[in-house]
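Note that chain A is present in both complexes that follow, paired respectively with chain B and with chain C.
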Partner chain A sequence: MLEQSVVYLFVALVLIGGCMAAFSRQVLYAIIGLGISLLGLAGLFLSLGSPFVAAMQVLIYIGGITVAIVFAMMLSIAMSVRPPDPDVRKSMFAIGCAVVFFFAVAYLIRDTSFPQVASPASEKAWSVGALGHALLTHYNLVFETLSLVLLLAIIGAILIARKEKT
Partner chain B sequence: MTLEAYLIVAAALFALGLIGAMSHRNLIALLIGIELMMNAASLNLMAFNRFVVADPTVGQIFVLIIIGLAAAEVAIFLSIILRLYRAYRDIDAEKLTELSG
Partner chain C sequence: MKTDIVQLFDNPYLALGATIAVIMAYLSVNAIMLIWLERKLSARIQRRIGPQRGPWGLMQQIFDMGKLLSKELLTPAHANKLLYVIAPIMVFAPVVALSSLFPITRTYIFHDFNIAIVLILAISGINVVGIFLAGWGSNNKYALLGAVRSVAQNISYEIPLILSVIPIVMITRTMSLYDIALAQSAYPFVLVQPIALIIFIIAATAETNRAPFDIPEAESELVAGFHTEYSGMRFGLFFFAEYSHMIFACALATVLFLGGWHGPILPDAVWFFIKVYALIVLMMWFRWTFPRLRFDQLMKFAWVVLVPLSLINLLITTLVLKLV
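On to the complex of A and B.
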């Protein structure tokens, strides 16, 4: 478990990055905001007691997905082009929807009493070894299906993005 | 932090993702909003995993699956973006209207 102040720092990273991603007009800044937000989220996973998922978050999301989005952006948008002027009505509508959603969910969370865990699991059950054991025994089908989905996604992405032979 | 605090953070992140996905016209900005929403869902799962569920591996495996599916989704999405850009020289969602009636 981490210090409380460090956890609040991670929360701040998540929200600041999210704001950058949601409100920035330049796509590159939005991607940087996404990266900051994901980094903070990895810290929150760490604070929830799961270093392996935090490491995967950093490796796959920040190291893989964010970088892939940057590549696609550079291949598809001229960097010098000014972004289109914001559609104020649409932005206001989006912000209104998000505010309504947030306060509705916050109200629900405040009014719900969640059951506390009866007997907290031992630290051993949180170890990477226990996770790997569960993935290869009880959740093996999920694991294999995910690998198949990733293979199909790679093949599909290559098929879609390749140049047509004329 | 308590379970409620984590859930509030996740709801705020989801709301920010919603703003990103609804207010932008650029396809890449839409994708970023969707990613933020998926991550808010993962944070919810991890928080419930810590505070409510007795077996700690379930939530972690859920989050790993979400990360893997997000990787697959992004690969497909980005290849579609590249294809669209090659065909139309633009990735503005409101200009890709060839199929609208």
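On to the complex of A and C.
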């Protein structure tokens, strides 16, 4: 009973944070909303019985990504200027994308048969050796692909921020 | 054999309440005593006498606490009320949440967690957000500048901090603090990882915003940095948080590098606290000996000296572990 209500609390955090991130006119509130949403997601991982993923979620998304966005915002003028009025065409496009994405994900979830697990993974499954082994054998391709994506993102960021030679 | 607090109370909610009560009481008394120690030590280093009310000046802290608690809580007119009130709590709460992970003795512990190190590195990053919200919510240019400096400093020094912890995890092949302390029964890891300890102490001093890395609150430039607009016990909470972060960092260094509770003759807990307070005195000694770094020197030190050094240390550790 209590565990069930804790899950709903985390779901509420995710939804409230997401709404704050999407609908806030102030950039700072949007970032805070994103942080709340990601924290709720970490809580959901925890209640699903994977503390390692939850800790990684907090380490990377709250300690890393959110702080990095805050840092980038502080150095730009976006924090101090009044936000521009919403553009109807952009909003419509965004709503369209969101609806398509929602139905695609809902369709995928409905058509996937998730394996039923009797009990959450044991402490042994989260040992350093087991994690390292899984990352470098079974999930190696995913791991390396993600590194490539990050590398591309960094190169892209440098390309955008680079000063043009006059 | 170890007994944790849930087994002791046989009721998880009672255990949780007891853990929080013990940690809050300890951190509060500890902060008051450390402020006294810092004032006495700084006075000795500068050839002064320091606080003198009561025996050895101990009453001074009691009076200061009374003053802080009874002061009016001012909120600046144009501050963002919600962020302004939440910020000090967000700076202090992570330390309280994480303190239960430390194994103080080999028989009784609060809680043993198999990925404790990841959890500590993850949750201790949240206090940066708190500091930033304090600076932003105050609506004061000095506070905001202090917050900007603090965020830049914290994300830079978190990298060498994490890189200096990894060799220990590689040697012990575990992320549980209890097992890491247990693995040092023969010798403390400072003997095999001296460079990692030095990097850890420097990075931890920077993470706790203490001199010579105290530019987020540099009083000669920024009044008081991110807590300029805070008064009364809200300011007191920032003060508590600083000293709690100090003891937290020193306890982590003790478990990772100095062998935790291991030591001859004296009981476990006594050895643990001797090591922790020795490190704290060392950090206080830094503060009153070194001048404050300039901002560019600070960033350069992190990225040009500490990060490459910790990477080289990691590489050598890997090679040695592979060959032996």
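Just so we're on the same page, the second predicted complex is superposed on the first by the 94 of 166 C-alpha atoms of A that agree within 3 Å, B and C clash if a C-alpha of one lies under 4 Å from a C-alpha of the other, contacts with A are read in each partner's own complex, and residues count from 1 in each chain.
One rule holds in what follows: a residue touches a chain if its C-beta (ideal position, glycine included) is under 8 Å from a C-beta of that chain, and two chains touch if they have at least 3 such contacts.
Being a predicted model, the structure only gives us computed values, none of them experimental.
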| item | value |
| --- | --- |
| Touched partner set for A:136, first chain B, second chain C, both or neither | neither |
| Of chain C and chain B, partner touching more chain A residues | B |
| Partner chain(s) touched by A:116 [first = chain B, second = chain C, both, neither] | first |
| Partner chain in contact with A:37 - chain B first, chain C second, else both or neither | first |
| Partner chain in contact with A:74 - chain B first, chain C second, else both or neither | second |
| Contacts of A:55 with chain B and chain C, given as first, second, both or neither | second |
| Touching partner for A:12 - first (chain B), second (chain C), both, neither | neither |
| Touching partner for A:156 - first (chain B), second (chain C), both, neither | first |
| On chain A, the residue positions that both chain B and chain C contact, one per complex | 52, 56, 64, 68, 71, 75, 126 |
| Residues of chain C touching chain A in the complex | 113-115, 118-119, 121-123, 125-126, 128-129, 132-133, 136, 144, 147-148, 151-152, 154-155, 158, 169, 173-175 |
| List of chain B residues in touch with chain A within their complex | 1, 3-4, 6-9, 11-20, 22-26, 28-29, 31-33, 35-36, 39, 42-43, 46-47, 49-57, 60-61, 63-65, 67-76, 78-83, 85-86, 91-92 |
| Contact set on chain A toward chain C in their complex | 28, 32, 35, 51-52, 55-56, 58-59, 62-64, 66-68, 70-71, 74-75, 123, 126-129 |
| Touch list for chain A against partner chain B, complex | 4, 7, 11, 14-15, 18-19, 21-23, 27, 30-31, 33-34, 37-38, 41, 44-45, 47-50, 52-53, 56-57, 60-61, 64-65, 68-69, 71-73, 75-77, 83-84, 86-87, 90-91, 93-95, 97-99, 101-102, 105-106, 109-110, 114-119, 121, 125-126, 130-131, 134-135, 139, 142, 146, 149-150, 152-154, 156-158, 160-161, 163 |
